[in-house]
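Heads up, the next two complexes both have chain A, just with different partners, chain B and then chain C.
For the complex of A and B:
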């Protein structure tokens, strides 16, 4: 095998011991890398039913199959996996930048961390040398401070760091992992898993070759793909970036506003991608081996937040903008900087603040709870301060940092009606009341409320289907999207460049040029299906049932109040029609459990015991 | 005047494609650590790719205690004799641009403008941002002079 190192590094923080194991081509071919590796490792090593903060919960890093090669937009990404503190199910999140390629160059495809250190430590992997170093002096530091301190003390500015801030240390279920300053493995609370292990960061330095099976064929393909990646397919990401979505989503009534009370925002023009780029973006830069470069870095220009700096994408901009009723770009940038520094998921945290604002306005939490903050929609400075309180567990932040599902359980009094989560994970920036296919994708997403496992909004927004109508056939659409995305997240292809590819066959060819492992388009597609089925089995094992493939009550009952999608809801009946179609397309029972024949077809029969009595 | 690869820091985005292209050209593997051009990112967002400037009377050549380095009179390219170089790093120390790489060891790596490669240096060819160019000190100062005059004209108007 080329590109793959074929090596897994296991580190036990309880004993300080580490060991390397090898894997063979079978694993590579069946599970590819990234998501596939993460899901497989998790189901094979996590003792069933344990708590996410149990030291036995493995924190798994997996490079994509082509990470570390110069294949455009497939060279930089990595995935992180564990049992999620937010959902109690599959925890997974992806990041990019430089860290992933460095992992492979250090000689590993996989890093599996278990146990719990007695005192704070960080893991230092210098090619083949693996050490645990004291992090007592780093505990309590922000991600940015810790990253620089680690580089300085190791005397190497090329060290790449993936680590936690105060959010992870404080076991916030919103905690994320930050690497390369601005990049986050943001979702499902994986930073808290790291924090629960008394682990501050994983620092890497790798100088080994990533070999290519067919260098000439590879460079020829790279040339072609670099040209495509600089073409119209990625123009949006290279110009306004994902914040271009703000005006589009607003016009389409898909922009979640004031905790989903609305789907469009009257002041959207103050927080649009156009304004962001014209006034605040100071630089656009790129990840490892990326010809697109999309990382829009913005600086706050005036007011008390002047000088704040952050990368800005659509989802976080939505979360701290319209979702909180805020139209002050300077404050939004400051809130995002806090998320980076303290290491909390910028999407989830914004949704939580929006939820807290509605609780405050409805009198469910009072000014005594907020530490004096007038936590109303539109109060930009209160929003910024609330982010800090959530990371630090101050005042009501101590409750909110548990995420909206748990906060609503505690607050009760009907707040679950507007707790916008699925399976415990806060929703992302598509109002799914008027996007039926997308609503199904959210409901069945293996990591909870999320568009990134399917991207099924594209059917609704492109007009290929009636976005307001629920049909059984949407099940097949979502399934196909999910299987493709599982392949994308295993290789790992940056989703911003997914449209430069011409289908499974071409991707399979690229895979083989790099790795030397024979692969057809159909085998690749089937690997995607295999990965999604195994992820489903994992979630079933951890207690998930059909009733967890659901939507928040507000999505099902409160119609969109104004605009082109006025009156839209996605009812339980709508969802059931689509769920039936989805399970059928998948070859699952009506309870959402994979059938033995499907498992056999996917070479997953060894996991059939997990479905035992359910079928 | 010697030609060298120069970066426009207004265009460089820190993507490191140049490092990959260089390592593929020189070693047929992807390994930025073996690249002759190196990207620096200073947070939040300063990016620049740096490599050998082909200095006149190059200090690295003078500093080498084993005479492992030599400079071609016509191109200014620094040649490394791998038999003589023992990776001591004195050349690294005296280079003002950090253009000499010694990690991983055993011997140093310095840009040779890709020698006779068709199409010129691989990094220039592959840079997605067209931030790299093969140029000379004189060409750079000409460019700077023109830019400064244009700026002046913009400020005060022509014929002033």
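For the complex of A and C:
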């Protein structure tokens, strides 16, 4: 095999031991890399039913199949996996920048960390040399401080660091992993898994070559893809970037506002992508081997938050803007900087703050709980301070850092009605009351309330289907989306550039040119289906049932109050119609369990025992 | 400006409709709103083809694929209703209609 190193590095923090094992072409061909590798490793190594903070929960890093090569838009990404502290199910998140390429150049496709160190440490991987180094002096530092201190003490400013801030140290279920300053493996609380192991960071330096199976064919493909990636298909990411979605979602009543009490925001023009780029963006930069360059870095220009710096994308802008009723861009940038520094998920944290604001306005939490903050919608400075309190577990932040599902259980008094999560993961920036296909995608997403495992809003927003109508046929649409996304997240292709590709056949050809592993388009599609079925088996094993493929009560009962989608809800009946169609398309039982025949078709029969009592 | 398949036929009456450009469409058109003056019988296909010509090559590339078909990641609404790409071309336009063009962004990680 080429591109792949074929090596897995295992590190046990309890004993300090490390070892390298090899894997063969069969694993590569069937599970590709990234998501596929992560899911496979997790189900094979995690003892069933353990707590996410059990030292045996493996924290898994997996490079994409082509990470570290110069293949445009496929050279930089990596995935992180563990049992999620937020959902108790599959935890997965993806990041980009330079860290993933460095892992491969250090000689590894996989990094699997188990155990728990007695005292804070960081893992230093310098090609073949693997060391645990004391991090006692780094504990309590922000991700930015720790990254720089590690580089300084190692005497190499090119060391790449993926690590946690105070959020992970404090076992916040919103905690994430930050690398390259602004890049996050943000979702499902994986930073808390690292924190539970007394691990502050993984630092890397790699100097090894990434080999290519067919250099001549590969270079031709690279030239072609570079041109496409610089062309019109990605132009919008280079110009306004994803924040341009603000006005689009607002106009279509898809913009979650004030904790889903509304779907459009009266001050959206103050927090639009246009305003962001005109007044606040100071530079645009790119990832390893990417000609697209989408990363918009913004700086607060005035007021008490002047000087704050963050990368800004649509989702976190939504979360700290309309979702909290805030129209102050300076405060939003500061909140995002806090998320990066303290290492908490910018999407989930914004959703939690919005939930806390509604609790405050409804009298479910009081000013004594907030440490004196008037936590009302629109109070920008209170929002910023709540981010800090959540990361530090101060005042009501100690409860909110558990996420809205657990916070609502504790607060009770009807707060679960507006706790906007699925499977324990906070929702993202599409109001799914008026996007029926997308609502199904959210309900069945293997990691919880999320658009990134399916992207099914595209059917609703392109008008290919009636966005307000629930039909069984949406199940097949979502399934196909999920399988393609599983391939995308295994290779790993940046989703911003997936439109430059012309289907499975072309992607399979690229894969074979790079790796030398024969692959057809159909084999690649089936690998995506295999990965999703194995992920389903993992979640079933950890206790998930059909009732967890659900939607928050507010989505099902509180209609969108105004605008073009006024009156829209996605009811339980709507969901059941679409769920039945989805399970049928998948070849699963009506309870959402893969049938033995499906497992056999996907070469997953060795896992059939997991569903023995379910079918 | 004047649009429509019957632009050579001056016997048909004209009507006006409003145009709204979101995201990159606004930047490429140099404005967020405009007025189109169309001739009776004009369809959405006529209007989009003419917009693509009117506002230049970059605008065209943001709207259409190289074969002239609509890009999948473009959302088109007429009077707030999302148009199905498969049947949008034949949509008849009427006085005081509002057409809006939006980019749709597949997201990150």
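Operating definition for what follows: the second predicted complex is superposed on the first by the 615 of 615 C-alpha atoms of A that agree within 3 Å, B and C clash if a C-alpha of one lies under 4 Å from a C-alpha of the other, contacts with A are read in each partner's own complex, and residues count from 1 in each chain.
By our rule, a residue touches a chain if its C-beta (ideal position, glycine included) is under 8 Å from a C-beta of that chain, and two chains touch if they have at least 3 such contacts.
Note that the structure is predicted; figures quoted are calculated from it, not measured.
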{"item": "Partner, of chain C and chain B, that touches more residues belonging to chain A", "value": "C"}
{"item": "Partner chain(s) touched by A:95 [first = chain B, second = chain C, both, neither]", "value": "second"}
{"item": "First, second, both or neither for A:47, with chain B first and chain C second", "value": "neither"}
{"item": "Touched partner set for A:496, first chain B, second chain C, both or neither", "value": "second"}
{"item": "Chain A residues contacted in one complex by chain B, in the other by chain C", "value": "none"}
{"item": "Chain C residues touching chain A - in the complex, by the definition given at the top", "value": "22-24, 26-27, 58, 61-62, 72-77, 80-86, 88, 100, 102-109"}
{"item": "Touching residues on chain B, where the partner in the complex is chain A", "value": "13-17, 20-21, 24, 27-34, 41, 43-45, 47, 103-104, 126, 128-129"}
{"item": "For the chain A and chain C complex, residues of the former touching the latter", "value": "77, 93-96, 185-186, 231-232, 235-237, 239-240, 242, 244-245, 247-248, 251-252, 273-274, 313-315, 428, 451-452, 455, 457-458, 460-465, 467, 494-496, 498-499, 564"}
{"item": "Contact set on chain A toward chain B in their complex", "value": "68-70, 75, 98, 101, 105, 144, 181-182, 206-212, 215, 219, 226, 229-230, 282-293, 297, 309"}
